[in-house]
């Protein structure tokens, strides 16, 4: 069957290479080009299998692609989204440039399970950040079903594998610095991801404060978010709000034991569980969600959105 | 100088071997015996250096020791504490058997920095659990200085290295199951450690609920606890309560960046930092504390308590 | 299309679960049963995705399977191979029971690339060990092309991830014992794998001694074998013997840089490179081969053999 | 007691920081200065405990130090060795610049156990590389006792933790690239270390070829070298040559089981074992040696040499 040509801008990072690998194995897409300025002309191995040879971003034949994914750095991506649009391509932007909470409006936010309808008809989609994907999908049913206590403070402690920090030559990401270590970072900062989450919760009409503390794990891939959520009332069945909301979702798994990162590894899923806290006075739910930061947290969700934008079946080419 | 003979019951686990190693290098203690039923007669290497040969617990010459450490399993320890007392030895019990929150009273709780005076004169001390050590030392100054909002829910997300689960032949602790994985466990259970912490907070007159979610890290040693604490009022200087309380403590380090587990590795210290959360409506402090679960969380604190009970300098033989 | 029913005996170990996962995703096979005595009645997650519920081995409906894989322990497998045969099923035995070097004859040795023709028509195949797979495929072309010096000693140093030791509750396989550690084991023993390799080399008419030192890596999966091979004459092109022999092989990759374990992770391939040692007097080739011990080293090669035995395309259902 | 002032040039790398930590805890040395151009003015934590603030190398008060350690990069070190000498300081050079095999003569090679007497009286000592330390100490007794077959090829497969590659911002040393990976590197190159080893063996009058294949381990610290050595005759007691030679050495441990990297972690020792290979025609010994690459392989041995050069007890300040 005819394959739809797509391109990847900024393809040499962890998410970019994952994207190239997904496209290479996708039954209906073909990789028209992949760009990486510093590694232009270089052939690299893709995760899983296969190879790709990078071209300079300036040399990308944008017009040859029906859809372009941009994995360019935050700040640098926006201009190329416009260039790709001008060349007639649809765009999924994996950078933060066009995401909600960034002063941008009118660009659909590609948290697929929350915004499927606007994504389907869009020419440009802002792919969510990895932390927001894990956290928002864990909170969404509670806000939609008006279960969160008004004015509540939701405490989110999240931990990410190192690939979440990107493929960059930084000494703090060396094996010798990360192995046998664990630490929080960006504590109390209004981290970019926090704005994104607050903006999305605002769209849901939420009246709650979010405390978000990210941590760095001594492992390559995965994000686990553990959230304590004050409720309006005790829940008999902690999983019910999630089961109701997500029963038809192909990429959401509701489980009754705490999710483990190894069970979402290299899969485009979010796995969620929830537990009623019966020993505290305020009715509280502990929600835990787990994703692979490079799949559902980046490249996988980007392909999921692209499938919808291109009129393909949403699950095509994605390891669930 | 004369060395004081001490013994270790149940010495083959991670904490027990660490204890033997500390005793072996201690300038004023000598190891009179170390017991391990399954490994009796076997010589094993100690962490760092040195060797020890185990005897059966029944064969321990209790009377030959001025002080006995018990690292026997929870439930089995209590009887041996009594036997050691009957033989005239002082005892530091590393099991949970005699800890507060266990229906026991009259036994000093060996959270040294909180109970130094009672420990000093005691014949038996219940050494705290690893999680409670990290968490209580991070919360103590806030409760003592009446900074915690009344009726507040404190959300504690903690993560431990695998040695915290002990040296036991369990398939869930195999390298192949733990590496490249991260997960919560015991969520919502009234975990033994939770009772211990609530009892201690009760002694401090605290009116607060504790939400405690432990996680298992893909690393050998260390506990990091990240706690969000609603306050009575905003704090200009997040570190001030800790600096005031702990300025003279040899084993407590107050730092202004988030503590890292590698910086407490194999050291008998707790490292604490705190951050005011300025973007939420409720005045809130994020407190992070880090320990080595086998040192300040077990063997190190046990020696710290033993030093006090034996009239030695508190810091003797302990890597700070 | 009709799927062929297959069963797995002893499916709860690492190789067994990998096998169940491969069968579950295989386009032409279906999993008729999976047995595990200790875990009978239990549902477990498979690597990648999917679940399986184990039955007791005694309850396995052997007759319902066209082909049975046995992952039972060495020693226990042989009897069940016979029972499965008696029930009319073909068998791939992953244990060592029927392998060459074990005093057994007449059972094809399933090193597919070396024995494809005998495997194709066989009713029972002995699937090779993980180390022998990596090592023999690296040496085969050199012996077949008579490049190995007569009477030579080939020095093989190999390192394996921990899953190679199986899913068993042993304290020496705990995360706390394996992480940040590396060690040789079984040095100088006539390790079971050594007999298997010598027997196979004998069948090739080799006149060489094999020195084999296995090591345990602090990682979950993978075997890397580094072999120094004295040659009859210097080779201009170190890769030539491999390119010639393996050019049509779908699961063998000849590369010019040293193979990395991450590039074969979860793939049914062996990756091989070779280097002429020009600074020593004896013409010598350093050959390095890399496999995933659970895929090409166990479950993957078992499915590769089963495909041939069942008249299916050899590559079906295998991640290359 | 009076402390001897010493300085460290190029102190920001892994070996340099380890050196500063050792000096800080040394009972007879004090750290006069530590230099690091890129991090000048910055205070960093030392491994274990303590802090150091770096100055620019140009600003080092060379004359204030009785002895200077240079951890400057290969090529850049030589000049500073001369400057330090001109300022009246003794020097231990940890770079390769002055090592044997580099066209340099007259500078004692600081493989302490082989060259103790020349080190003791020296003003400048070239500290050995990490691989050569592990390998040469494992081979030394065999050559000295003329047990190695003439013209033999010794096959050395060695594996190193990542800190051996230094503290540099290279993408190939990122956690995401090293974790769950294992690979050889520099295969067949006449690696700098190979020249160093051949030169030293030459001084011992050895007539043997060395095949050396280094590998990169997914762990932070440690070097394990596994060597197969053709002998002139079979050995009844494989450990005898080592016991004889090293019985009085404080930093050499002869063991009968294969050495493990965790047992030498953070210790200034080499642990050696040896095994007679009885199943091959050529009498062959497999020798395995293990060191911590930052201790006996770098900073520890440097202090060991400095102790001798300063007339102090050789073991002072070194964790054995």
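In this document, chain identifiers A, B, C and D correspond to the written order of the chains, with residue numbering beginning at 1 in each.
In this section, a residue touches a chain if its C-beta (ideal position, glycine included) is under 8 Å from a C-beta of that chain, and two chains touch if they have at least 3 such contacts.
Everything numeric in this text was worked out from a predicted model, so none of it was measured.
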**Q.** Set of chains whose contacts include both subunit D and subunit C
**A.** A, B
**Q.** Farthest-lying chain, centroid of Cα atoms versus that of subunit B
**A.** C
**Q.** Gap in Å, rounded to a whole number, between the CA centres of subunit D and subunit B
**A.** 37
Q) Whole-Å distance, subunit B centre to subunit C centre, using C-alpha means? A) 46
Q: With chain centres taken as the means of their Cα atoms, state the distance from subunit A to subunit B in Å.
A: 38
(Q) Which positions in subunit B are in touch with at least two other chains? (A) 179-180, 218-220
Q) Given the complex with subunit A, which residues does subunit C contribute to the contact? A) 45, 48-49, 179-180, 263, 266-267, 319-320
Q | subunit C residues touching subunit B - in the complex, by the definition given at the top | A | 14, 161-163, 167-171, 173-180, 218-220
Q: Spell out the residues on subunit C that touch subunit D in their complex, using ranges where they run on.
A: 151, 153, 155, 157, 159, 179-185, 187-188, 190, 194, 209-211, 213, 215, 217-222, 224, 226, 228, 230, 258-262, 265, 275-282, 284, 286, 288
